[in-house]
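Two complexes, one shared chain (chain A), two partners (chain B, chain C).
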Partner chain A sequence: MTAALEIDGLTKRFGDTLAVDAIDLVVPQGSFYGLVGQNGAGKTTTLSMAVGLLRPDDGHARIFGADVWSAPDDAKALVGVLPDGLAMPERLTGREVLTYLGLLRGLPRDVVTARADELLAVLELDSAPRTLVIEYSTGMRKKIGLATALLHAPRLLVLDEPFEAVDPVSAATIKTILRGFVVGGGSIVLSSHVMALVEQLCDHVAVIDGGRVAAAGPLDEVRGGRSLEDTFVALVGDEDGGVKELSWLSR
Partner chain B sequence: MRLVRLVARGTLLHVKQMSRSQFEIATALFVPLVQATLAVYLFRAGSEPHRMLEAAVGAGMMAVWTSVLFGSGGAIQMQRWQGTLEMLMLSPRPPALLIFPITLATAVTGTYAMVATLLWGGLVYRIPLDIAHPLAFVVSVPAAILGLGMFGLLLASTFVLVPNANAVNNALEYPVWLVSGMLVPITVLPGWTGPIGAALPTTWAARAVRESVTGAGPVWPSLGICLAISAACLVAGAAVMSYVERRARANATLALA
Partner chain C sequence: MAVALTMAAMKVAALRHALRGQRAQTAVTGAVLGAVLAGGTLYLAFGDLDLLAAAYAVWLLGWLLGPVFMGGGDETLRPEYFALLGLPARTMAFGLLVAAFVGLAPLISLVALVGLVIAGVRLGVGNALVAVPALVLQLAVFVLLSKVGVALVGLALRSRLGAIATGVVNGAILAGLGQIWVVFWALGQTGIPSVVWYLPSGWGLLAVRGTWWALPALAGLVLVLLAAWAGLLSWRVGATRVSFAGRRRPITAASSSGAVVAKELRAWSRDLVRNYQVTFALAYGVCFAASPLLLSWDGMLPYAGPIFLVMAAAMSANVYGTDGTALWLNLLTPGGSDVRGRQWAWLVVHAPPAVVVTLVCTAVAGGPWPMVLSLLPALLGGAVGLVPLISVYGLVPGTDPHRRANNPLRTSEDDGGLTGQAYAALALVAATAVPAALAAHWFGWAGPVIGVLTGLSCYRGFGALAARRLRTHGVELLQEMRTGRRAAGSRSVRTRFAALPAGRQAVAWVCFGLGAIPLIPQGVLAAVFVSRNMLRHSWFVATYMSPGLRYPVAIAFMVLGATMYAVGTWLVRPTSAKVAG
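Presenting the complex of A and B:
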């Protein structure tokens, strides 16, 4: 079966810094794949290359077999992306944002309208039809970001820190949508440094450290009977880095 | 047809986005009052009161150019600051098609200032809206806007390559007003400015609109030249935009972070 996402030797260097060092990853179809690592480990750089936002120095990325760089239109049609952060056109309503992006995706107007209605309702954004994005809460912004990623019915979702700064109620809604997407045959790659979240949602995981894959595979196989956090700490560094306490705060 | 629809709907949404900024609207409404006042007093001092409408329209065109210069010239940088450039570039469209609606929208919102200039002129200085060729006027203004929007794509794609693009923006505002005949008639300028002005779509846009107001000449040749130069700028802008996109994807500059 063709992989949802296949990353083969992706490499990226910024000046003297090797940000991503020949990473290989295979995300099986129908999987909820977690990508974990410390800040600066190379997660976002890897995902940016995987979805075509950043050109790699070497290697390939294929989405359901479509090469991201040699067949970008095919690949882009199959993937929905929620980038890190909360950026959206600030002075449009949620519906206008969806209409605009649906237009850019080449969707017919009636399809955009119907999907926007459904997305706004399911994500509980339909109660604020005239509210501009600039007035949205963090949770609402993440939700409309997710709606833009889902609008064109992708088969693969790539989410970079989708729960960062999101309140528990909004997070629960987003989790329900994501689980439903996977149950319906979709595949998800989720980047996070929150281990508990990855354990809760994902069935596969890759640990990225220093631009390399430290471990990858089914979640239970990678953590090997321990918590993912313990496994992660064992893989990427010392538990406490030698720092025991702050002398001026100790009694 | 789908492309036209994409550009039209995209432009409309960007116009909405820009029009909801109170600062932008306040600037578009009140700066023309200053410009119209200056123009009116200059012409009164020169004993040419019959040219006050021409001056008011010229002030309006100055505002359109300012909007295009700063809005289009900084379009890509603005999208990066807002964090929305990545979102746009994820769509399966050529980059020029993503940015052109933005530059066109900057030209459209520039017309707010032109309308404001004519309104201020009528309300404050009793300048009658005595347009020689009304039909030509209502055609030439949108056509001039379209032309300047196309020119804006070239500004957007080239300015992003220039370090300190804001300084370039500032340096270009007044000179283009001058050589395009928006601020003073071209005939009073030194001869060497003629070829520069003739190469700019702003000159022909301003001339077409002025001709429709005064009836001093045929509007359509000026409008045709404006659109021809602008179309060439659009093609050049699209080519540069592809280069800019490739470079941004290689250097990780689609986003600020």
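Presenting the complex of A and C:
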């Protein structure tokens, strides 16, 4: 079966820094794939290259077999993306953003309206119908971003830190939506710092460190008998392993 | 004082980091230009003090208006950084003031103000002693007036009414400055008006000359401005609303290009910075064209609409930059025609006022209809074609709207880049009307036909080029906006400009910055005055020449201006040899 996302030797260099060093990853169809790593490990850069938002120096990314860079139209129709911290059409309300993007994707008007209604209701964004996106809180921005990623019924979701700054109630809603998406045959790649969340949601995991894959595979294989956090610290932690304390706070 | 010194040290550290690479070159250019201006001011201190007072009035205007037009002024240290420290408002304002003295612009102004000491020494020992405190206070007045002005405009941009009012006022002021000769002429002033002595910029010189109240007045003004700024700072900390909470009509479009138009029209009506830009351009066009009416000359009035269009295009030439990283949505949605939608929205916003203003003003002036009706379609098409094209080829990376600090005018950290882009847009958009204008001049009613043709081809051709650039280089543009740096391998006018050695860069600045003076007032306008036999006319050199020399001098100035633009363009031209490397 074709992989939902196949990353093949993706490499990116910024000046003298090698941000992503020939990463290979295969996200099988129907999997819920977690990408964990420290700040600056290369998660966002890898995901940006995988969906066509950053041109790689080398390597390929294929979404259901369609090359993101040579057959972008096919690849991009199948993927929904939630990038971290990028702007939106800021002077639109949430509903207007969804209407605009739905029409831009060529969806019929009534389909757009129905899906926007449902997304806004499920994500609890319908209580602020007049609020412009620029006035949204960080959590609301994540939710409207997720709504735009889901709007065109993609088969693969690529989500960069989808739970950051989201309140626990909304997080529970989002988890339910994402699990339902996977049960229905969809595939998800998400990046996160929160190990517990990845253990709770994902069935596959990759540990990224210094622009390379430190470990990848089904969750239970990667973590062995330990918790994911222990495995992660063992894989990427400092050599000395000791956790430093602040001299003036700990007595 | 400890707070003030810490803030000054922070500013020094920040400047040390900022003044590397490209920005260092921009700073060197600015310093060279500033040093020339400061040197000129010092030279005046050895001569007629009336001229020196006038020069300080110009410095004051520069401090007051510069930041308002060029991205909100120096924001290295922002009051928001210190909001959690619980500093009293006065302490913070004083600290920020001390830090504001650290920088190139204050240093250059300080040099220019040494003219006070020179004037003092010429007048006597006592005068020279007074000059020292006068110099410090005068500089504080410059810096504080600038800060208070920016804060007031920022405050005004929190409501639509304020945005529109500020746009009208600033447009009128800038147009007035451009047409200052009209004011002088109307007032019957041939020399320097004595009012320059009594502006706050002249108080330092008054003190040096021995006016007893001037020094206390300067000190008082500093205290009042400091208090005002402290008050404005506490207003500023707290979210700034930069959009208009009006009605929310649902999007009724049914196609993808209709959706882009709907989105853009909402941005034009809800984004108060865009409200400000449109009203600014409109006020500029109308005031610029109408001001010669003071001399009972209505020959410029019909061109209010065309001037508005050119100015509006220059102000919106960074459309993609100001929307920031929202470009990612277009990259992930291939097939949507974003450029065409933006062009249509630009037309819907700008064409009605341009048409109305043009028709009314031309009717009042009684013609020349063929010329005006040629310029209108040519410029409408030229503007909607060039605005997206300039913004994708000469992108100045903006700060994402949701990440901007509480200074709505500051849409980018690169205000030098924005200024250069605006000048380029002014020249290029105006150039699109040249064929139609020539046709109207030579063949009358053939002009409008040419205007419609060139307008349509600019709209279609430049729009298609912009769309193609977005398709092929959209990813690089997005990366540029994410990082604020130009992606490696792509070179535009701006990078080429920044890559020039400092000396050649300064020459290019002078060419682009000052080329308009010989070309337009000393060239074109002077020729118009000569043709109307309006002789010995304010500062138009050609009108003072003997009969045989009048046209040659005006033409020589035009050639000089055109040559300056040509040299500037040649300096920043793309060289394939360099790109290949």
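Side notes on the structure shown:
The rule we apply is simple: the second predicted complex is superposed on the first by the 237 of 251 C-alpha atoms of A that agree within 3 Å, B and C clash if a C-alpha of one lies under 4 Å from a C-alpha of the other, contacts with A are read in each partner's own complex, and residues count from 1 in each chain.
Basically, a residue touches a chain if its C-beta (ideal position, glycine included) is under 8 Å from a C-beta of that chain, and two chains touch if they have at least 3 such contacts.
Values in this document were obtained by computation on a predicted structure and should not be read as measured data.
When both complexes are superposed on chain A, chain B and chain C clash. Residue contacts after overlaying the shared chain place A:Pro129 against chain C, while chain B stays out of touching range. Of the two partner chains, neither chain B nor chain C is touched by A:Thr231. By the touch criterion stated above, A:Leu53 is placed in contact with chain B and with chain C alike.
Of the two partner chains placed around the shared chain by superposition, chain B and chain C are both touched by A:Gly106.
Legend: residue contacts after superposition of the two complexes on their common chain; A:Asp84 is shown touching chain B, with no touch to chain C. In the superposition on chain A, contact is made by A:Glu96 with both chain B and chain C. By the document's definition of touching, both partners, chain B and chain C, reach A:Asp73. Judged by the document's definition of touching, chain A residues 51-55, 72-73, 76, 81, 83, 86-92, 96, 99-101, 103-106, 132, 148 lie at the interface with chain B and also at the interface with chain C. The touching residues of chain A, when paired with chain C in their complex, are 51-55, 72-73, 76, 79, 81, 83, 86-93, 95-96, 99-101, 103-106, 109, 129-130, 132-135, 141, 148.
Listed in rising order, the residues of chain A touching chain B in the complex are 14, 45, 48, 51-55, 72-73, 76-77, 81, 83-92, 96, 99-101, 103-106, 132, 148. Residues 241-243, 245, 248, 250-251, 253-256, 258-260, 262-263, 266-267, 270-271, 323-326, 328-329, 331-336, 400-402, 475-476, 478-479, 482 of chain C touch chain A in their complex. Chain contact summary for the complex, chain B toward chain A: residues 2, 6, 9-10, 13, 16-18, 20-21, 82-84, 86-93, 98, 246, 249-250, 252, 254-255, 257.
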